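You will see two complexes here that share chain A, one where it goes with chain B and one where it goes with chain C.
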Partner chain A sequence: MTWTWTPAAAWVGAIATFACLTYLWAENPVFRAAEHIFVGLASGFGIVGNWDQYIKPTIQTDIMKDGKFIYFIPIIIGLMIYLQYFPKVSWLARYPMSFWVGYGVGYTLAFQPAVLIKQVVDSYGSKFAVTAKGGGIIFTQTLNNVLFWVFLLTALSYFFFTVKRENKLVGWPAWFGRWVIMVGLGAAFGNTVMARISLFIGRLQFLFTYWLQIKI
Partner chain B sequence: MWDRLMSIDKRVIYLLVAIAIAVPLIKPLGLPLSTSTESETAFNAVDALKPGDILWIGADYGPSSAPELDPMAVAIFRHALKKGVKVVVYAMWQDGVQMSKNWTELVSKEVGAKEGTDWVNLGWKPNNPVTLRQMTDDLWTAAAGVDVNGTPLSNLPLMERVKKLDASSVTLIFDLSTGSPGTADYLQYVSEPKKIPMSVGVTAVSAPGAMPYVKSGQYTGILSGMRGAAEYELLSKAPGSAIKGMDAQSLGHALIILLIILGNIGYVLRKRA
Partner chain C sequence: MRKELPLLVTILTGLFVIFGHDFAIGEKWQLINSMDKWQSISQAVALLIGAINLTRIHVNHVRRRKAGYIFSLLLLVCMWGYTVLGVIDGYKGVTFRWVYNALLASLDSTIFSLLAFYIASAAYRAFRVRTVEASLLLVSAAIVMLGRAPIGEAIWKGFPDWANWIMRFPNTAAMRAVLIGAYLGSFVTVLRILLGIERAHLGGVGGAGMK
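Our next item is the complex of A and B:
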């Protein structure tokens, strides 16, 4: 069902918004109450979602209707995690955990390299950008690529600790690399500011449109 | 004077920022908005889809990033449906269920698209990205055989064409993501191994981390934050809440830049004194 902002819902939303914003003044009980309500709601939402979107249909369709009783094996292995609450057999809880860790590590090792290798190849590949017909070099793009290469190598050299910084071969690139990193972090901070302002705009749009009912 | 400027109460700054953002929302200034190459590339990827092609939209976010990602979702979903492109929506974030329900039902009503035939919302399934990976082998089993409303996938004609999440059924992935699980998982477990082109829409915070993948061609364009959403709205000629928020965004930034400059001048002058 599509969510609609009834006046009562808009009031609840507005009160929750102001309760959160009171934190800007100082930590206070109103903010803490809003925080606790949110955590409780999110937990409840998670449990209902798990049941409604996956567990219930899996039992109804896969197990009861299609007779995939093999699913009981992973269900039993999964439930073994709760044996940690019974001291005599708590060692059995390690099995689902070790299975989970082993699967996770193998899974990542199998898929990660393809993504990273492409990044490495792109970083150190040809720096000359040519036109679509292959006739000439696109100067601005090529310059951009070369600058990227310089920034990458100098930023990496900042983390090269084997040779002392007094060595000019490492010292200057590392000094420049430090500036490159700071510029990068500054750009990332600018993006963070933009994101936070966007969130505030979203709240104001809600307050104006649905609570105060001002047409914006 | 500089000393006083250096010790402004932070609550005064909050108030100034709030005013700078609120005023242009009520009284827009109409500042010009240009589009970036990255946004244009992402827009063109959707625009190049043919009627009948299947677009997979990942709704991997919650209410905390709705102001940035909801406008993107609305614009992309509307753009695709108007072109006759079929859409499958899937959320790796549990909150993404309600988020995607809002815009799928709102836009499909506006465009006159039919659920089950023109679009399907698979909702959220737990244990991602393992479930996502399983979808590349057997989507129906991974999705527990039902969509977001509990309707069996066998009752949804569109899903007859989507038995697996691979290039034979899905033409383009457009993932809207706040973090993890999100774009990186789609790239790693679906886009790269299954050779499905992928565009992304991310929060402004996540954009610097995603940019290397755009430059390497692993992402076909990127929409970054509310600005990216506004650019997509502009390109698809359907102004929405993102464009409305851009004046406020610009004024808020201008004020923050001004405060940073004043703060730095104050710091230097005080040091000299």
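Our next item is the complex of A and C:
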């Protein structure tokens, strides 16, 4: 479904945008109203999405149309969580939690190692980057591969607490690993700032293009 | 038994997910293939608990006329009004989507974009150069920010390349080290749960009557 900004929609969007931006001046009732409307609408959107994507198809298609009555069991499991509001039987609310945690445990042990092992194996592959014809070594790429390996090992050694840091074999790599982690975190921070600024530019573009109808 | 049986459910469900495929347990009902669906259906049914708790808190605010209760009223009207609209109009209904695109999406992106301003003041406090580590954080963040903006390239053509290098090598290596540590931590935790040592998920639910 395509979306077009009608004048009414643009006005609603612009008022919502300015209501949120008033927070830059100070905490105020207009921002608080916008904040509460946002939480309310987002919750409503989540409830409707949940109903439309999971509950409705399960009841309408799986159970009523296809006769898969076994799906009553997960529905009952989910409903049991509401028993926590009834003190006499609130202990029954532990069953759905047990099921979910059990599923999470099984999933983590059965499927997560594949992701982890692939990352570990890829990290310790050959460091030599060769040209397409296989004739020579690409020096910069090889140097980068070796550096990556050094960065990874030293960063890992920072989390290695079995041996005391006074031991030079662990102390120096851990000290360098701390620097690597700092560079990594700084880069992640810079990326986050840029993402937020992009969002802000997006809002300004909306205000100029669709609300004020000024072509940039 | 009120704690032991749920613990047994946790362990059996975990073992079933791990070994279900190997032993073809419940093949007649395609149990192992539908486990994902069981999980998502049961969680979808239970998700309303968040809305109920939010409603309880804000209904209490309104009933006791707490300061700013009018905002709580606004939240309740928006939440349940939008829910009713969605159920009647449908998830892809024209009015439901109009409210989403015009209002909810605008509020969402503006609130998140506000962080662009506050993150700058946070950066000032965090990055005041006092140690080598803080300097490294500052320099790498500055290079990445300049490398990702046109002004950076205008200042020096090398900024985008250096930003890419930092993202590809030190950043990936550091994040991978953190990720490997987190994976190992999660394996230890799930093993503790599977062996019945960790039982935190069985406690603290419900009121005083839950023993």
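Simple rule for what comes next: the second predicted complex is superposed on the first by the 199 of 216 C-alpha atoms of A that agree within 3 Å, B and C clash if a C-alpha of one lies under 4 Å from a C-alpha of the other, contacts with A are read in each partner's own complex, and residues count from 1 in each chain.
By our rule, a contact is a pair of C-beta atoms (placed from the backbone, for glycine too) under 8 Å apart; a residue touches a chain by one contact, two chains touch by 3 or more.
None of these values were measured; they are calculated from a predicted model.
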>> A:Thr58 in the overlay: touching chain B, chain C, both, or neither? Say first, second, both or neither.
In response: both
>> I'd like to know which partner A:Leu24 touches here: chain B for first, chain C for second, both or neither.
In response: both
>> Applying the document's definition of touch, where does A:Thr192 land relative to chain B and chain C: first, second, both, or neither?
In response: both
> More residues of chain A are touched by which chain, chain B or chain C?
Replying inline: C
> Between chain B (first) and chain C (second), which does A:Ile37 come into contact with in this model arrangement: first, second, both, or neither?
Replying inline: second
>> A:Gly184 in the overlay: touching chain B, chain C, both, or neither? Say first, second, both or neither.
In response: both
> Does the superposition put A:Val105 against chain B (first), chain C (second), both, or neither?
Replying inline: second
> Looking at the overlay, what does A:Phe200 touch: chain B (first), chain C (second), both, or neither?
Replying inline: both
>> According to the stated criteria, A:Ile47 is in contact with first (chain B), second (chain C), both, or neither; which is it?
In response: second
>> Taking the superposition on A as described, I'd like to know which of chain B and chain C A:Gly13 touches: first, second, both or neither.
In response: second
> Both chain B and chain C contact which residues of chain A?
Replying inline: 1, 3, 24, 45-46, 49-50, 52-54, 58, 107, 112, 115, 119, 148, 184, 187-188, 191-194, 197, 199-200, 202-203
>> Give the list of chain A residues in touch with chain B in this complex.
In response: 1-3, 24-25, 45-46, 49-50, 52-54, 57-58, 61-62, 107, 111-112, 114-115, 118-119, 121-122, 148, 184, 187-188, 191-195, 197-205, 208, 214, 216
>> Under the definition above, what is the set of chain B residues touching chain A in their complex?
In response: 11, 14, 17-18, 21-22, 25-26, 64-68, 94-95, 97-98, 101-102, 105-106, 123-126, 130, 133, 141, 144-146, 148, 150, 152, 184, 187-189, 192-193, 203-205, 207-208, 212-213, 215-218, 224-227, 241, 244-245, 248-249, 252-253, 256
> Which positions of chain C touch chain A when the two form their complex?
Replying inline: 2-3, 6-7, 9-18, 29, 34-35, 37-52, 54, 68, 71-72, 74-83, 85-87, 90-92, 96-117, 119-120, 123, 132-134, 136-145, 148-149, 163, 165-181, 183, 186-187, 190-191, 193-194, 201-202, 205-211
> Within the complex, which stretch of chain A touches chain C?
Replying inline: 1, 3, 5, 8-10, 12-14, 16-17, 19-21, 23-24, 32-55, 58, 70-71, 73-75, 77-79, 81-84, 87-88, 90-91, 93-110, 112, 115-116, 119-120, 123, 144, 147-148, 151-152, 155-156, 158-159, 177-194, 196-197, 199-200, 202-203, 206
